[in-house]
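Okay, got some structures for you below.
Same chain, two partners: chain A is paired with chain B first, then with chain C.
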Partner chain A sequence: MNEDFEPTIVAFLCNWCSYAGADLAGTSRMHYLPNVRIIRVMCSGRVNPLFLLNALQQGADGVLISGCHPGDCHYLEGNYYARRRFVLMRKLLEHVGVDPGRINMSWVSASEGAKFKDIIEKAVEGAKESGPMEQFKRRKINW
Partner chain B sequence: MVDIEDLREKARETISRDDVRCVFGWKRGTYGYESAPAVVRKPEDADSLIFDATCVQNPASFVVLEEKLPVPRGKEPDTRKIAVFVKGCDSRAVVQHLVENAYLRENIVVLGIPCMGVIDRRKAEKLFGESLEPVEAECSGDKVALNFGGERKEVERSDVLSEKCLRCRYPNPILSDIMLGTEVEKRAEDEFADVSEFEKKSADEKWAFWEEQFSKCVRCYACRNVCPMCYCIDCVVTKLKPQWTRRSTDISENTVYHIQRAWHLAGRCIECMECERVCPMNIPIMTLNRKMTKEVREMFDHEPGVDPEAKPLLASYNPQDPEEYIL
Partner chain C sequence: MESTRPKIGVYICHCGINIAGVVDVEAVTEYASKLPGVVVSRNYSYMCSDPGQTLIKDDIREKGLNRVIVASCSPRMHEPTFRKALAETGLNPYYLEMANIREQCSWVHEDKAKATEKAEKLVEAAVAKVLLLEALEEKEVDVTPACLVIGGGIAGIQAALDIAEAGFKVYLVEKTPSVGGHMAQLDKTFPTLDCSACILTPKMVDVANHPNIELMTYSQVESVEGYVGNFKATVRKKARYVDFDKCTGCGICAENCRLLNRIPSEFDEGIGMRSAIYLPFPQAVPAKYTIDPERCLQLTKGKCGKEGPACKASCQADAVNFDQKDELLEIDVGTIIVATGYDVFDAKRKHEYGYAENPNVMTGLEFERLVSASGPTGGKIIVGRDKKGEGGFEPKKIAFIHCVGSRDKSLGNEYCSRVCCMYLAKQAHLIKDKLPDAEVTVFYMDVRAFGKGFEEFYDRVRREGIRYIRGNPSEIYKKGDDHALIVKVEDTLLGTPMEYEADLVVLGVGLEPRQDVREIIDLFKLSQSTDGFFLEAHPKLRPVDTASDGIFLAGCCQGPKDIPDTVAQAKGAASSALTLIARGKVKVEAQVSAVNADECRGCGLCVEVCPFGAIELVETNRQGNIVNVASVNEALCKGCGSCASACLSGAIQPKSFKDEQILPQIAVLGVRTE
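== the complex of A and B ==
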């Protein structure tokens, strides 16, 4: 494990819970790791697994998908669909040889700023253990 | 076994019906170990139809293509039924189409054929070399008899049959309107031994294997085109706005193409192995699909293409789905 390596985590947060949770962490002056790049989506069910592949292609070392707790989805069932989707995607990437520690999923509600901070720490730690994502990152081709 | 005359007679009867537009089946190819797909639109065309162990193609693929044909301006769409000959594995594709509402049950006529297995061109070519003659093959018991234009050769079943047939659990069509021949008995169980074997490798070994395989890919999209389940009018890999996978054939884009193709078939793949058969670069595509099938069976106890009343896996949910991976 390389201690100097700072991974980039792309986080897809749902507008109603996790994004508000991240906002709470900020307004409560909690210090969370700066490795995370947040993309707000309306629901975790909105996240197409191609987003995840594309993030890994463009140089992310880890991905985090976060939504409302099961049963609390603003759209009633979006996070249930997301859960099915990403458990399969994770297995598939594992089969291809991508470290499953790079793909994280969590439930963070709007009142869980501290949990959000912990989740980011765990995701960064997971990506640090896996090392830089080089397997199918887009390489610059000079003709 | 199916009597060819009976098969042709049933096809002739079906196409003579006023409400049937065409019949999809197989006819003898011009060379090699695989027969050609056939479309019967007139009763007299039915005489060319055959069925034996060379009928590898999955005619269920054509049903969705015929169904979605664009209608020229000013013309009425053809609302007649489509008839299709299916083996056991092909019938699963039809069932899965019905689950996904690709077409309605009343719009198709399914002619079921119990199947003893079909031959794998690659295995046969390894044994006998390429054949310039159309080969006939007959499967009976543990032996397969190949007929090279009069010259007869007999081999063991496992030497020449496709992998999917050696682990086939549905030799008889799951759904059919007209059943031909007599039902054959199921001879194997599928324990996913090949997938479990691959899973034992370390992540680096897995990636080393796939890096080699994916870098061979020329992105001809034959695997997608032949797949009975890939019937989107606008496929995500050829879409330009947004363009999720670029068209260059480097390892990054190829990997993403294969991952997303396998993922789009998660909980839908009926294991007809057409993708692997048509691959010009011999990429073991089914290994990815079978991994998904195995996980779907273990985690969700779901098997695609078996129950026409089932719900599509990824368009349904259960509050008790596994979530131990969630942080």
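== the complex of A and C ==
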């Protein structure tokens, strides 16, 4: 594992639980690694699996989806859809050789600032172990 | 016609030193000024302040900005503030995008260079998205002028009365046969020593008699549908097996019940007994009897004695009706107040205190019933009675224990229950009042006398000769065969271990979320804080709101509090509900999904995943062919975007969170910075 390697993680957080949990981590001044870049969506169910693929293509070394705990979805069942899609997408990505350590999903409620911090550290750790994501990098083609 | 050419203004907030202390705001301003479409990039100490907002508004007017980025705190905090500022200049409020560089950057990162770099990226991503945002129209829907209040304790009673007094309809739903809640069980209230029943029962009568309140006791909300302004709730009115209109509340049925004095009374915390047909307590409202379907012989065994149910035979009003069925009622309301209260800590879980084994170890709430004039002993402090309620003795040495089930990580309750210090002080005083010769000792961890008149009351109690010893007992056990109990404790001020002999131990049990909290969460989609109580929308500024618009919290369901705080919060919740009801209209989500009819293939996947049934397929004429196309009902759509993730052609998209608006963010944020 290359200790100097600083991976980039793109995180998709639902507005009601996980984004609020990330805000709480901030309000509580819990320090975590700056490698994570957060994109707010209204519901984890909004996360089109292609977003994960797209992030990895752009050069992100890891991705994270986080939503409300099962049963707590602000939109009743969006997080269940997110979970099913995530499981399928992870299988597909593993099939094409993407290290599963790069692909993360979690449930973080609006009161779990500390859990959010842990999840970020874990995601960064996972991406560090996997190394730089080069598989999907678009190569320059000389015509 | 608006100019299609983007003119973006970027505003970086210092937030005092909250952001500027970590993020180099000048560098971010400079970085942003070079991004495509940005015509002005500024930073200011507090963007949310009046001069900060004026800065944005002046630039919109003078420089003709048509997109605005504010890089500051979380959009969950100030997005409405800045949207309003945009709207005031005539710019569509949805042309705003925020970059969260406080909660998710400056407050969580220490490395200034990396935090600055991240802030730059977050601003760049916001610029990438704002270019593609569309103007949205805010719509309003009517608010049904009625409120559903769940829970008939003091919080629910107060909220219901306030709304009803303002002239609007209230449905007050209470699970048990009577309103009153825990407050009705209390004897005196601290620190003023008002009689709890004396101040509560008039309010209980008021809710029952108020023309605007429909009181539904022995009822439960089964399901809730809809959204702010237009909720539809189904309430199950459980069968009382007593005709509500015929029952006069005389009580002859209970006296004749074969199970008279055989069933532990919930209201008396099990130290008093009731019959299977019962009134929970003498001042119960409504004063109508109820048959306990789990205990009644006729209902459980189908047979009651040789002559049949004595309650039915003795009732002169012919009110007992064993054929009664549950009723389901549908009600339409605009707002909901959740005031479901708390449970006291189950002292059995603290097994080292021997609550389960020793009848002379009792909880604070049991002691309230013991000392209450309406309690099973008529207010005489007599313990050790037999099953028939006879015998017993007056205790001579009484120990009170603080923080049982509160401030105790091993039990998972880290929080302070806020009321125990003072209720134990009050109970110690009541003992001194009734048994002046008794020796009363209080074992405490800390005494928190923070409220109005609390410290003065605590001082008074100590002057009455009540001993306070600082120490958290490790064990309480029985000594020999007589009723003496040993409280094993270390006096932490003297540093000496001691064994205190008492003949009555009162445990200052704390407050916990209700056992059935999960049902309530599922019903209203509420969130919990780490302590298990319901989570408010903002811990400081929105203490009665929830994440669901139109649903408010009151009382101990949100966290432990005393009666004045509960009443204050109930009034706050009532006022919030009234704001919606009185205005009669509410803005609905503008960020709903929309369908590109040309791209829709009519497969119906979005219809299947939509949790709100907001999408349907409609037949459309597409160049002469009749095809199915998805159509969104904007009043029902909440904008979650599940449909967009399911759509195979990308035809359905939530406004402001379209694929084409998110992908540019990914393109900016996904790039690794070397």
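The working rule: the second predicted complex is superposed on the first by the 138 of 143 C-alpha atoms of A that agree within 3 Å, B and C clash if a C-alpha of one lies under 4 Å from a C-alpha of the other, contacts with A are read in each partner's own complex, and residues count from 1 in each chain.
In this section, contacts are C-beta pairs under 8 Å (C-beta built on N, C-alpha and C of every residue); 3 or more make two chains touch, one makes a residue touch a chain.
If you're wondering where the values come from, they're calculated on a predicted model, not measured in any experiment.
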item: First, second, both or neither for A:89, with chain B first and chain C second; value: first
item: Partner chain in contact with A:136 - chain B first, chain C second, else both or neither; value: first
item: First (chain B), second (chain C), both or neither touched by A:59; value: second
item: First (chain B), second (chain C), both or neither touched by A:18; value: neither
item: Most chain A residues touched (candidates chain B, chain C); value: C
item: Partner chain in contact with A:99 - chain B first, chain C second, else both or neither; value: first
item: Contacts of A:107 with chain B and chain C, given as first, second, both or neither; value: first
item: Partner chain in contact with A:49 - chain B first, chain C second, else both or neither; value: both
item: Touched partner set for A:77, first chain B, second chain C, both or neither; value: both
item: Chain B/chain C common contact set on chain A; value: 49-50, 54, 57, 71, 77, 81, 85
item: Complex contact set, residues of chain B against chain A; value: 198-199, 203-211, 236, 244, 248, 250-253, 255-256, 258-260, 262-263, 266-267, 287-288, 291-292, 295-296, 299-300, 313-315, 317-319, 321-323, 325-327
item: In the complex with chain A, residue positions of chain C that touch it; value: 74-77, 100, 102-105, 107-111, 114-115, 117-118, 121-122, 125, 521-522, 525, 527-530, 535, 547-548, 591, 609, 611-612, 638-642, 644-646, 654, 657, 659, 662-663, 665-667, 669-673
item: Chain C contact footprint on chain A (complex, rising order); value: 6-8, 10, 15-17, 19-20, 22-23, 25-27, 29-32, 34, 37-43, 45-51, 54-61, 68, 71-78, 81-82, 85, 109-112, 117, 132
item: Contact set on chain A toward chain B in their complex; value: 49-50, 53-54, 57, 70-71, 77, 80-81, 83-85, 87-100, 104-107, 119, 122-123, 135-139, 141
